[in-house]
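One structure coming up, written as structure tokens, with questions to follow.
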Amino acid sequence: MTYEVKSLNEECGLFGIWGHPQASQVTYFGLHSLQHRGQEGAGILANQAGTLRRHRGLGLVSEVFKHQEDLEALTGQSAIGHVRYATAGGASINNVQPFLFDFFDMQLGLAHNGNLTNTQSLKRELEAQGAIFASSSDTEILMHLIRRSQKETLLAKIKEALNQVKGGFAYLIMAEDKLIAALDPNGFRPLSIGRMKNGAWVVSSETCAFEVVGADWIEDVKPGELVIIDDQGIQHDRYTDDTQLSICSMEYVYFARPDSVINGVNVHAARKKMGRRLAQEAKIEADIVVGVPNSSLSAASGYAEESGLPYEMGLIKNQYTQRTFIQPTQELREQGVRMKLSAVSSIVRNKRVVMVDDSIVRGTTSRRIVQLLRDAGAAEVHVAIASPPLKYPCFFGIDIQNRSELIAANHSNEEICEIIGADSLTFLSLEGLIEGVGMETDAPNGGLCVAYFDGKYPIPLYDYEERYLESLAEKTSFY
Amino acid sequence: MTYEVKSLNEECGLFGIWGHPQASQVTYFGLHSLQHRGQEGAGILANQAGTLRRHRGLGLVSEVFKHQEDLEALTGQSAIGHVRYATAGGASINNVQPFLFDFFDMQLGLAHNGNLTNTQSLKRELEAQGAIFASSSDTEILMHLIRRSQKETLLAKIKEALNQVKGGFAYLIMAEDKLIAALDPNGFRPLSIGRMKNGAWVVSSETCAFEVVGADWIEDVKPGELVIIDDQGIQHDRYTDDTQLSICSMEYVYFARPDSVINGVNVHAARKKMGRRLAQEAKIEADIVVGVPNSSLSAASGYAEESGLPYEMGLIKNQYTQRTFIQPTQELREQGVRMKLSAVSSIVRNKRVVMVDDSIVRGTTSRRIVQLLRDAGAAEVHVAIASPPLKYPCFFGIDIQNRSELIAANHSNEEICEIIGADSLTFLSLEGLIEGVGMETDAPNGGLCVAYFDGKYPIPLYDYEERYLESLAEKTSFY
Amino acid sequence: MTYEVKSLNEECGLFGIWGHPQASQVTYFGLHSLQHRGQEGAGILANQAGTLRRHRGLGLVSEVFKHQEDLEALTGQSAIGHVRYATAGGASINNVQPFLFDFFDMQLGLAHNGNLTNTQSLKRELEAQGAIFASSSDTEILMHLIRRSQKETLLAKIKEALNQVKGGFAYLIMAEDKLIAALDPNGFRPLSIGRMKNGAWVVSSETCAFEVVGADWIEDVKPGELVIIDDQGIQHDRYTDDTQLSICSMEYVYFARPDSVINGVNVHAARKKMGRRLAQEAKIEADIVVGVPNSSLSAASGYAEESGLPYEMGLIKNQYTQRTFIQPTQELREQGVRMKLSAVSSIVRNKRVVMVDDSIVRGTTSRRIVQLLRDAGAAEVHVAIASPPLKYPCFFGIDIQNRSELIAANHSNEEICEIIGADSLTFLSLEGLIEGVGMETDAPNGGLCVAYFDGKYPIPLYDYEERYLESLAEKTSFY
Amino acid sequence: MTYEVKSLNEECGLFGIWGHPQASQVTYFGLHSLQHRGQEGAGILANQAGTLRRHRGLGLVSEVFKHQEDLEALTGQSAIGHVRYATAGGASINNVQPFLFDFFDMQLGLAHNGNLTNTQSLKRELEAQGAIFASSSDTEILMHLIRRSQKETLLAKIKEALNQVKGGFAYLIMAEDKLIAALDPNGFRPLSIGRMKNGAWVVSSETCAFEVVGADWIEDVKPGELVIIDDQGIQHDRYTDDTQLSICSMEYVYFARPDSVINGVNVHAARKKMGRRLAQEAKIEADIVVGVPNSSLSAASGYAEESGLPYEMGLIKNQYTQRTFIQPTQELREQGVRMKLSAVSSIVRNKRVVMVDDSIVRGTTSRRIVQLLRDAGAAEVHVAIASPPLKYPCFFGIDIQNRSELIAANHSNEEICEIIGADSLTFLSLEGLIEGVGMETDAPNGGLCVAYFDGKYPIPLYDYEERYLESLAEKTSFY
């Protein structure tokens, strides 16, 4: 009955479509482009003239939908899909979304990206009233609230339920005659609306899916908003006016695909600007700039352009490491056996290298890469991180480790530099991050949630409050 | 009983080790780094004090060795491993290497990278003498020749057999008390020797495996050479002196990993130089340079540096397409649904783009990418290919399509440019390629086999001769 | 929202144990001996000092528990298990039992054998109050009723819930500190208590499991009874006194294993007596008696002994047909290709055969076996059925087909005889059945439910009532 | 390079067909009825107008051919199939038959039931000449001999080869234009020819397959005979005249299905007669006769009829034990947990039981069953075995254990009786066995090989000779 300040949280991806004769196929390709948001499980729920059917499973989208028949069985003109993040704990098929509910009076489908902060208290309250939960996911709670609402219409019930859940959430709800998208009052997670050439509406966690399915971006779902799509078209509604944009800054830093546009800002461009800012702030004397593949390539090229240093491919990532279960033993690792990254000696030998990465979590990976570069002959390795130090956990939907596991929560920059064995270590400043993203908004922090950097959460933490306060007192030494 | 001028050929990867307590584990990681050379199947054969054991299977290395037990069962101080290329036809476990032969008087293991050109006549001759072949692979032939040799020692038998097979081959042979590596008289395929810190010897198709297992490069196996490794150390022998280096130029252009060094030339550096040469030859007026991920990134960055144009990430590759079986229907493809590559509108919109790719085979992919860029708003798309036009098949170990499927064998540059819908099309010149690689050698064509470009094969074609001549007369129209 | 008068019903098997250090292992072997009661799915839920864990899956017990680890993970001193019947419709893992419920205040496990008759109305009522069901099984309902009960103790809640569900049910409920077994007021399904030599209590649908796990039979659970087992021992309680024994007669006729003892009557002995009664009633002139393997062997040997005719092995069953998916095409079947049964020509040729079977459902199988015997040279084939004609569906837990598919519901004996191609056809009389079983009881029909034969259901049909009345009006012609 | 006097031997099943439009389907059903002869692997090779194709795999026929497509791919008018026995050692797909050989000048298929005795010397000789074997099976040898023969025609080559192999063999050879069946000079293994109503010829190890596929028995293949079937019909040829019938007596005792007829004798009838003879020889005072299911039921019913004692179902076999991997631990076994057999207390309690079994190998099983019966309350248990004591290994195709593991090779009847805990123990006499089978023949031992009982092998043992003589000196104590 206890919970920890850590990875209950999930980073996931949503895709929905209304009005396309091959709705589930399009959803498949949409989810495929969102695969980076979750690799533990995937599912598609299709609506065939009011009858909802679903296929889901553990693994990558391509593993869950191995056979053409799996998709072909999901006939219908609309669908929602979900990819689920690989959390540390045991995966259960029961938690793979979309959820499908068969009631005597209707069917409903539900998919969720984000993390609620009042799950425990709501669940306890509902169970005390006789509710039975089928999964350990926090997603199911919304459905219990909807079904217990005394309001007249489904929409009114949903709005009432949305006002009861707290935290970060983007929901897709498939009813028999409509598709509903809803976003939390802070817009912690991205959610956009697009349209295909044949008129079908699509909803996606990231706009990269629009490129993939040939749709045009129409708009972003706003904090506190409810978008209802049916055969008559699209309608906008709100369940609350008490909103304030604080979109997760880590979407720009790390999560989102570089070709996505979030709140008007292209992710690759934002990263490149952060890289430029980082170069300005760091002012490192060096010979070449090397990005850690794949997520840091944009920032590294920005750094290179701003600094005037050549950008070189000094680190190579093995493209076949996705599903590799056998890892080198400690003994082999000490002998230099490694799997994912290789340093290219002929490039880095005798060079002063600026190694650009997007962030540092535990420091272990950075330490290994620095060592790789040194083993390959680099004369100096200067680590430049295109985001501020991660010091606080996230409660709104991303899996940022336990505070005790965040190296920057426990060590000074100098200590970290020593731990990872770098010649110098530079983090981007918080202002650099905010200006790098440069959203057009009046919201605080340029519309970003930066709580992982400064510990100032934009809303109360509810069930997590107490444990969080305790965690601030903890301090764990590393290495 | 017929054969075609095409994909019997195989591009594969070899790894071997002698003298390491965890030989099969090291081989696993070595093969993993050679995964790009073959994804159809993999196997490891370990030598435990003279007893050979093997595990092999269809799929990626990580799929074949899913369980730690699979590796742990392969005890012993030496091992050889193989990754096999995904040919079009039906895969059979029987063809997955290394092969293991249990004779009454000895055990032998065998792995092969390359393609023999006198397979059919040798096989027919051997079968007429009562030989029975267990696989459809051409690899088995060497073993029949070895076993039928009347020479005294195993080494003498092997040397006799090596003089009977023609074409391209790199072999690893595991005997009970030694590991033998041999290369064909032209050195069509790369094969290098390295050494680990604990003294263990390693052999690999590419040096990238040495980085991964923590070994240092010692030397390359030379054309016509036989390297024998046993507990006494390493010995060099030759089975022929009639040699001439003509290493496959496509290794530099496309196959090899950028961090590998072949015959003293780093592959990334060679590609970058080819990109530079291409820029000099092409002289295109444009705004940005975009490489087709992943293989063309080195050439594209060379092009960008030489031309002074900014290198931009205008194309994004979905990293999760490795094992995706469901493809968009024709209908969905026409609606713009695509899986592997996305163009980043915010980068390419209204830009004159130089799209750098490594090669054009059928032209289909190029046409799609050009269209992608145009759909994303590119003002102009200039295609620049960092190798000469592919016009002739390969018979020495790479899977270059049937002549009738090579667009450049059937169309002029202008026609190809029109077919792929580009604003202009430039191929690197043959000299550009040869100088780009820039090996230190007196051999013709700078030590490269460039027959796919000029049709001049460095050795006779044997069984393929007749069919090849016929193929020259054929001409297939495209599109 | 409609339901049919047919195979929602399930025949399943239950096994439970309290107080054994290897509780889940013993449950595995217990379930294995109950495998004939259900082959669709299986599961075991173990209680480790108050923590409940479960493993379940589709298929046979040996398929669900393939690996020793699956069982070893289920540590604890008590456990419940379930085997599920293969219904026609699509199997879903969600419906495989035992169910496991994780509440904020407790965990509960639940397994069910039987069929409720007021499922639809209860479910509708509960959903109207906001309940959400995770499965389409009727088993889950009991848990909703328990959790919504306002009674103080768990036991009182359970008793209240048991009074709300109607129909046939044997339940096993695993709480953190006790194991509860409950039987419906009519005792439609068998449920017995046994004890192992080390003092562990076991509960099983059939006593054959006691032989297998080395336990002694102690008592049968009585209609309306609740048996509570905990570390203090065993207690007996009742949730109703309005009971009347009407155990399913098909358990004796067909379902149960011959070595089980139900309500004091050994199943093999009962079948043998029914065979004897059948011989007395049938008085057929013949040469040999042949039983249809495997279920009719007891009845056939009783028939043989009573009639004085020799019992011969004239039909052989292929023991490997369990999991065979490929069936002969119609064409091959007409050519005489058959899989499961063969007639032994050297035994039946020119003989007048009494073919003894336990029951006739659709008549198709009987017709085939008669034909088999004739093809093998039998001079005459007299079919003798060791139970009365099946004319009415069951609503209390066995899968007796739709009335329209019961041949005896639609045809006279003479018609059936002609349809199956027999020389004569004899069914056992209802009195013969009741006296053959010969339970010691004052209950009507000798304590048996014989509604499938006479249409007189011992209790109201609730939700099935209306549909049942309609079904009586239907008549379907066969063949 | 050593071999043991034991289970290299294999008991397998063959089925072939010529001239049926659904040849592979019929073969599937034929193999299915021969499943009792081998459960390790299965395969079918079909001949489509001269092109041979094959599908094979590990496991039961129904597992190897899970999908209708597996069979449908095997088009053609003729086919051969094989089921392979589960030997103790590691199973390899390489050894699963039929073998398919692709030569430059022809394709050949081969399937084998039996065991050769000069495998080692032939293999050594062939390898010394350069032959390479693809499997560890002795079956492949015949093909090497065929291919090395200097004779003109395929038939002449085959005849020459058949004269070189020694031991027990029934072969099916599929050539492009004919199907050839051949039997060893002693006819150790059964092989029969049948014909379907549409004129198709079938060949099978047992006639039970004819019942299953609707074929009539035509003749048995004779020792030393070669039967050639092609579109012109059937021809008989011989490769030797030095023959003498000595069919394996264990086929009658244990292996064959009771509905098969071998050399004119129905197996069930033979077993019943052996049971009758056993009753005459044993003369046990008892109350009931109980057969050990399933193989001993025929003998037990013969015993019952002759003795006048009632035959009762005192032992029940769980029908679901085929593929059960988890076995009770020693600890649970001591507590009485058992899986496969249960004794029916209500039948055996206080009875003097004659327990009839077909044979005793190690004695372990008998000991367990005696204990089972005692635990269930049997007053006395008299074990009657319907064959003589097994004292010597078999080298001609059945897997009779190592002499050191045969209890009767190491203990007197009195000792065995004590070891298995019986009140008395009776074996059938050798004359009883021979007369029980009662073949019409002048051959010694009534045409049976009874070497396992008397150590007199009908032909020399070749490679096994030396080891066999040594084994006679060994004596191992049991328990």
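Per-chain numbering from 1; labels A, B, C and D assigned in written order.
FYI, a residue touches a chain if its C-beta (ideal position, glycine included) is under 8 Å from a C-beta of that chain, and two chains touch if they have at least 3 such contacts.
Here the structure is a predicted model, which means the values were calculated and not measured.
Steps from chain B to chain D, minimised over paths through touching chains, total 1. Farthest from chain A, judged by the mean position of CA atoms in each chain, is D.
One inter-chain figure worth recording: chain A and chain D are separated by 62 Å, centre to centre, where each centre is the mean of the chain's CA atoms. The mean-CA centres of chain C and chain D are about 37 angstrom from one another, to the nearest whole unit.
Averaging Cα coordinates per chain places chain A and chain C 50 Å apart. Here, these are the chain pairs in contact: A-B, A-C, B-D, C-D. The touching residues of chain C, when paired with chain D in their complex, are 22, 25-26, 28-29, 32-33, 35-36, 39, 60-63, 65-68, 71, 196-198, 208, 211-215, 257-259, 261, 266, 268-269, 294, 297-298, 301, 305, 310-311, 313, 316, 318-326, 328-329, 331-332, 335-339, 342-347, 376. Those residues of chain C that touch chain A in the complex are listed here as 1, 93, 101-105, 123-124, 127-134, 136, 140, 143-144, 147-148.
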